[in-house]
Amino acid sequence: MSTESWKTAITRIEPNKIIIHGYRLEDLMGKVTYPQMIYLLIKGELPPVNTGKMIDAILVSSVDHGVTPPSCQAAITVATTGAALNASIASGILAINEFHGGAIEKGMGILQAAVELVKKENLSADEAAGRTVKSYLDRKQKIMGYGHRFHTNDPRTRRLFELAGEYGFNGPYLRMSQAIEKALHASTGKNLPINVDGAIAAVLCELNIPAELANAFFIMARLPGLIAHIYEEKTRYKPMRQINFAQAEYDGPDERNP
Amino acid sequence: MSTESWKTAITRIEPNKIIIHGYRLEDLMGKVTYPQMIYLLIKGELPPVNTGKMIDAILVSSVDHGVTPPSCQAAITVATTGAALNASIASGILAINEFHGGAIEKGMGILQAAVELVKKENLSADEAAGRTVKSYLDRKQKIMGYGHRFHTNDPRTRRLFELAGEYGFNGPYLRMSQAIEKALHASTGKNLPINVDGAIAAVLCELNIPAELANAFFIMARLPGLIAHIYEEKTRYKPMRQINFAQAEYDGPDERNP
Amino acid sequence: MSTESWKTAITRIEPNKIIIHGYRLEDLMGKVTYPQMIYLLIKGELPPVNTGKMIDAILVSSVDHGVTPPSCQAAITVATTGAALNASIASGILAINEFHGGAIEKGMGILQAAVELVKKENLSADEAAGRTVKSYLDRKQKIMGYGHRFHTNDPRTRRLFELAGEYGFNGPYLRMSQAIEKALHASTGKNLPINVDGAIAAVLCELNIPAELANAFFIMARLPGLIAHIYEEKTRYKPMRQINFAQAEYDGPDERNP
Amino acid sequence: MSTESWKTAITRIEPNKIIIHGYRLEDLMGKVTYPQMIYLLIKGELPPVNTGKMIDAILVSSVDHGVTPPSCQAAITVATTGAALNASIASGILAINEFHGGAIEKGMGILQAAVELVKKENLSADEAAGRTVKSYLDRKQKIMGYGHRFHTNDPRTRRLFELAGEYGFNGPYLRMSQAIEKALHASTGKNLPINVDGAIAAVLCELNIPAELANAFFIMARLPGLIAHIYEEKTRYKPMRQINFAQAEYDGPDERNP
């Protein structure tokens, strides 16, 4: 085995010093938010306050979706066997893949290619969107980030775009995602609105996050939701119960305003 | 298999409605922070702004510790084999257990018992701390949350306590953790300062978080760090390299101010 | 990080040499069976042929239980999201815990204590069994390894005991497990036959396997079953289907003789 | 969520009946070996005795490789934190991927394509091997299954091929793997002998196992090795030790004959 040294650019550890990308951790605490830290860790630079707010809104938008997604079901199924909290979480995270959460990464790829097309071929957003949609439909491929199995008009999408405008991220990727929605409707006649994955994809493009980390954002967002469901399972139910996820009924507080 | 219905109090999912503990998700986005959402999901109620800030500071305090902890080493070791991002994360999370991160839960138990002692036996904090330390030392058990293998004077502890004062959480658990530090020094003659686990334990007690979820906070905190190291491994190094963690050298930016 | 050397007694790796507990791997291939290798790896010595046959029968006895156990459900739930085979397996294994598979370890503890009682107090097996059952019932604790949620007369138990007799493992632990079954019936009036976990517990005691490795045997046994279900999911169904495990119907071959 | 029924062809569970691909489990115990069961579960039919022996030899060949592979390192790294056995195993399995174990699947693809070429173009094995090697070298791609970072003349390969001959599996895929070895040597001048991954790939092709399950065989093979290392870690060492895998020294029995 090699005894060669190797480099890491993230964190320097010395006695009584933890320095992340050059910043002492105690100088960051109370000064920058956790969402800003996420950006710092990934991109190596501290982002402006609004970038932190935008990431915060992304995390909040995907924090939970009840017991319907496979990640939650896998976590609860493992929790009921007496698994430790971390093992139950790990199982839930193992369920976040190409077909569950993965639409964000694919959506980012589509938007990046379409915006690239605008620049390269000197097209309008609508022209590039039209070509993109046509090429996908011709190959009978799904354009990820549009339509949802539960929600026909996802309230998270609307709100995320609203906040993107407010925080100053209404840029070319957001416009392209809307142009594609329009082009998709024109070509198919179907109503396939931008879903939350598509909206997050657009915003992450605006934030210049690498597409390979799209799933990381979904995992960070969903983690508190997984923890809440695992904790409920462990404190409310007996181990090894037979769980039929189609039979879950909500019995939390009635609708209220924050 | 049972076809009986069962209850969950966390999230209600209906077409175009995602309602978490009674709040529509789109009403929360941009209004409450991700750390506040963590509290809402776990405790069922929206916390005051300062609770969110306190949780934020906890998360930031433990966001990364370089390549020294086993969670990071497990994540990198899995990443180098070509594992997907989520599988590498899962492996890192599986390493957060009794002896790595687990001191927070144990520390909470010690503080809760000692504060209980104050009430029950009508003692001063110092008296309860003295009895607690004596009972641990008599049984030759370690009091978790004091001393650190790297840091003799952990800068994260100091800052976390400072912020707890600022945000209004300088309550009985913080005072007890300091009383125990003093009693420990008096009994052993050794300098065993409160470490970051001990400090987080005290603050989570102030926030009324169940001790069984201590590990959950450490996992949420450390997740962005794991992601950063996995991403570095995948983008900077060739697969299946022989990794000697003792030979890692930091080559990020020099020390700077935020 | 330490650069100290440390010891491992399992395998020596040199160029063109893989030596397991002293045996060259190529000398073992074709000469000892995989179940014998399991014993060698765990106990450090090559076992007699019949020990290998007994372990083989244990593995076969628990190789699959359809889609009813949580380990299988967790594996399938993860597989449907597009997870890699190994991630799906990992999720299934994370579901094998105290309340699923864990009865073997607990059962071993009960049998070991009861057989110890025979020696220490010079009792008959029936007397020790009676005391054991009484002490559990008095504390209202479940004696693990008896009764089953599906099977009132588990065909695997009968066959495993039959083979244990044939291979020469009908020793004190098997007899004790039967004495406890009898005592349990006498005390409760209920029919709580030894289940497959209890039978495996007895046989693993006869093989002198440490109880802490009971779960390891269940995991090894169940692995091919998990793989088969994951492979079926991936080849037979579309990703992200809504799976109701209560609605699974068998459509494999009709009953036949091996 | 769907309440539709769905089909599974693997196992039928009824009270007191566990029927795997039509066979009652108790009829299989003691009659067919665990390696035969693996085949039955995956392929749906009971294989001849020699197929079982061949699978057994594959499993034995890859049962352990000391503390050098990342799967073992990940498992030990997680075990030292106090993780449960199953969580430590899961972490090890998460490290078995494209670049660790994955050569078997890729090797199978190469052999299947080359044997297909023989049939389609009416070539000799040597001609097809030559074309295959040329096409890989032209694209500067690695032919998986040849050469090894530790072993220049892997004793497992030789023995596996010997046993394949003995058990009647010396067919077109084995011959092709040897023809490619020869062609590779002729084209590059380098000695790149078939490694154990390549040998297993050839034998799994002979057994008509789907290439997508290659990793499953490696995982089944390596599981007892992972368990042995985790158990050693938990019983021989204190938690949270700093592990330098480059400094491990074997202290098991001296070389001996089985």
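Miscellaneous remarks
The letters A, B, C and D name the chains in turn, as written, and every chain counts its residues from 1.
To be clear about the criterion, a contact is a pair of C-beta atoms (placed from the backbone, for glycine too) under 8 Å apart; a residue touches a chain by one contact, two chains touch by 3 or more.
Keep in mind it's a predicted model, so treat the numbers as computed, not measured.
Any chain that touches chain A and also touches chain B is listed here: C, D.
For the interfaces A-C and A-D, the C-beta contact count is higher for A-C. Computed from the mean C-alpha positions, the centre of chain C lies at a distance of 23 Å from the centre of chain D. If you average the CA atoms of chain A and of chain D, the two centres end up 36 Å from each other. Centroid to centroid, with C-alpha atoms defining each point, chain A and chain C lie 40 Å apart. Taken residue by residue, chain B touches two or more other chains at 1-3, 68, 84, 86-87, 90-91, 94, 96-97, 242, 244-246, whereas all remaining positions touch fewer. Per the touch definition, chain B reaches chain C in the complex via residues 1-3, 68, 84, 86-87, 90, 245-246. Taken in their complex, chain A has these residues touching chain B: 1-13, 15-35, 37-38, 41-42, 44, 46, 53, 56-57, 59-61, 63-68, 84-87, 89-91, 93-94, 96-97, 150-156, 158-160, 162-163, 166, 210, 212-213, 215-216, 219-220, 223-225, 227-229, 231-232, 234, 236-237, 241-244, 247-258. Contact residues on chain C toward chain A in their complex (touch as defined above): 70-71, 73-74, 77-78, 80-83, 87-88, 90-91, 94-100, 102, 239-240, 242, 244-246.
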